[in-house]
Amino acid sequence: MSTFGPQIEVAIARIRTEIAHLHAELTANNLVVWTGGNVSGRVPGADLFVIKPSGVDYADLAPENMILCDLDGTVIPETPGAERAPSSDTAAHAYVYRNMPEVGGVVHTHSTYATAWAARAEAIPCVITAMADEFGGDIPIGPFAIIGDDSIGRGIVETLTGHRSRAVLMQNHGPFTIGSTARDAVKAAVMVEDVARTVQFARSGGALVPIPQEAIDSLYMRYQNVYGQTPQGELQK
Amino acid sequence: MSTFGPQIEVAIARIRTEIAHLHAELTANNLVVWTGGNVSGRVPGADLFVIKPSGVDYADLAPENMILCDLDGTVIPETPGAERAPSSDTAAHAYVYRNMPEVGGVVHTHSTYATAWAARAEAIPCVITAMADEFGGDIPIGPFAIIGDDSIGRGIVETLTGHRSRAVLMQNHGPFTIGSTARDAVKAAVMVEDVARTVQFARSGGALVPIPQEAIDSLYMRYQNVYGQTPQGELQK
Amino acid sequence: MSTFGPQIEVAIARIRTEIAHLHAELTANNLVVWTGGNVSGRVPGADLFVIKPSGVDYADLAPENMILCDLDGTVIPETPGAERAPSSDTAAHAYVYRNMPEVGGVVHTHSTYATAWAARAEAIPCVITAMADEFGGDIPIGPFAIIGDDSIGRGIVETLTGHRSRAVLMQNHGPFTIGSTARDAVKAAVMVEDVARTVQFARSGGALVPIPQEAIDSLYMRYQNVYGQTPQGELQK
Amino acid sequence: MSTFGPQIEVAIARIRTEIAHLHAELTANNLVVWTGGNVSGRVPGADLFVIKPSGVDYADLAPENMILCDLDGTVIPETPGAERAPSSDTAAHAYVYRNMPEVGGVVHTHSTYATAWAARAEAIPCVITAMADEFGGDIPIGPFAIIGDDSIGRGIVETLTGHRSRAVLMQNHGPFTIGSTARDAVKAAVMVEDVARTVQFARSGGALVPIPQEAIDSLYMRYQNVYGQTPQGELQK
């Protein structure tokens, strides 16, 4: 039954617990309705990640029904939760883990305001300092891609590689976020919705005032290195 | 007292419990205020359905005060709850059950954003993939109809018959949704408000990007057959 | 100490409890922030009403700190709560009770969307059936009036006398609602915000479709006489 | 360990508890997401203030991890919480305490609607009586300033000195509020978001009706002197 050795099994158990609990942040922050949205986390030291099952109520999510997958998105048989289907977005998460080794967590939601920008295929302009801090500039739009092959994963990776932003708005679809850990990716999902909402209402009232690029650069650099108690734990892109 | 035989009585008891509990989803998802909104469910194997009483607080809803009706919307006398008046929308629910045998549940709300589209008599255009998944295209507008005869029920049935959508926005009134089960109809009520809100804000910021029809078709087909753990339980329209 | 005879004292105690509890509906329905908003209720059979103290946290409201006033808005001395100042809107409530004997409850809030219409001095047009049901047509604007004399109370009474609506939007200020009971007035406060929000978003997306006057009349008549379990308890204007 | 004498230590303990608890008002009023936002309070009788640590979850805030600083924003060593970094906005709070001796509390958030006005560098016009009551007129915009020196603090002080408003919208950033106490500053943070939201929606629907200046003056004077149970406890600007 224990197929990965004791050290990896400990890491899997920790990530199962973390991923199950982080889903509560999606509901607490009003990022999801019904069974939508998903969080995954890479198992450190192994080519594995943990993701939510498909179409299960948020109230029923628990460490033991999280699903363990390899980096092709294949469910590892005879592990807890393996009797269920994983999130229908599993292939996109797997593609990100295969192609972005620095990524430890991935989140997808259809949060209202971020998805509204995605339906216009419009990047969110960086007009508030919190965006500069957190995302280092505009939040980019990814290509239109539908489920069924690697096109969503490829669109995420192509858009975010070499970009400061940890969030991409997939056109007509919604936000995907990445992070050094699953918690860091959840933070990005919370923040992208917050700035999408603020800038939506800002612009609906009149012309936005841009932030000079050098101020954006300065804010981003400071925030990545100074904010919080352990800034070194965040994804340094 | 037990007028329907033991098997039907068991089914009635189960549907009473389900309908009472599903009303909590309306409040949890902010679809209703005060005593507005209603959920009903067909009793499998009988020409009966269960619906909420009229004008009762959500906190006071319980299996024993749900009301049992026949498919003409007449309250079955001497059953629990029969001393109260059923929802003022009972005739519309009954009309749907009489004319759409595949429907197992009906929901009605005045949720803010869906009702806003209804006040403009404007269908919600399918510009986000979640809409393609769940509704297979635009959410249609039904006719203006007022309470008092079969005109609301007829408007729902005429609009949704042969349509992929499980939701109709009755003009100047609000959404009605149907499903294979009451829970499936509640899901549709949650999702129609979610997409009504997202597309409202999307369009208020500029031009929407349409989704190609073949992508809509592909998303709808996949979602109806693949998503979740038991897709075969959902209404296949 | 008991200055009003046993029957009136029982009625006062009941209204104190009702008014204290109804304030929780204002917060539950997001109609107020901080210590804003107030509910009052007439004591049946006496020229008295009960109202909230000024500037006290919602969490601290209780039957014993509600304040008993006569119909001039003067606090009845040596009664529970009389050591505190009553709501700064007490004079407006008193004016309504003096001049509209059919009114049993008054509510005032600064709820977001109703106040937004008030800041434009614009009546809410009746474009959704729930408005026709509940208010019988448009929600009217009252005059601009500032605190300090009877002008707010007079504005409420002049606007609502002979009008179907139980809600008035006082210009640049916010909604006041009346009812046959305090609970009925709270319901009107909940509903006016709900329709103010829905019609705000409806119109921001394009042209509204009007409801024919005869349909408005028909909906209003039916709702006042048929809806709920005890329609006769509601204010028949 | 006790470096300030018993009387000041008692005051420090009281302010630690107050500041820790007041952060719950930021989340309860939906003014912050994740770990954003901060409240500080001056220690009466000493050149000290208490502020939140940087990047810590709201659920983990407690009196013992609040951080004690001098009026230059330097953490007082060997006091509870001193092992952590204080809020990244500490320098701005310190600047306010050094330069505005009447200020007992400072709050900063990125609340959605106030920040939307800040992204347009647009003052909120005084079109609702609650704004006249609470802020005495328009809510002003402060200069664009980035973290790293005294420019944020200076911008707050220059904007609010001689102004009735206890709130300033720092351009492209968000609101800072001041008060006679930390609780008074939190109230201002709650109220500025409430009026920012109301006026945003008011204007998006059409032309605003101004309030005559003499009515604004009259409302402000009354509210500062009459409202609530202990108006003399509020900041008299």
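Assorted remarks:
As written, the chain order gives the labels A, B, C and D, with residue 1 at the start of each chain.
The criterion applied here is as follows: a residue touches a chain if its C-beta (ideal position, glycine included) is under 8 Å from a C-beta of that chain, and two chains touch if they have at least 3 such contacts.
Going by UniProt, the chains are A, B, C, D = L-ribulose-5-phosphate 4-epimerase.
Bear in mind that the values here come from a model prediction, so they are computed numbers and not experimental data.
Shared contacts of chain B and chain C, meaning chains that touch the two of them, come down to nothing at all. Distance from the centre of chain D peaks at B, each centre being the average of the chain's Cα atoms.
Both copies, chain A and chain B, contribute mostly unmatched positions to the interface they share, with under half of the numbers common to the two.
Remark: chain A and chain C have CA centroids separated by 46 Å (rounded to whole angstrom). A separation of 32 Å divides the Cα centre of chain A from that of chain D. Shown for chain B are the residues that touch two or more other chains, namely 204. On the chain A side of its complex with chain D, the touching residues are 29, 127-130, 187, 190-191, 194, 197-199, 201-202, 204-209, 211, 215, 218-219, 222, 226-229, 231. Those residues of chain A whose C-beta lies close enough to touch chain B in the complex are 33-36, 53-56, 84-85, 88, 110, 112-113, 115-122, 144, 146-148, 171-174, 200, 203-204.
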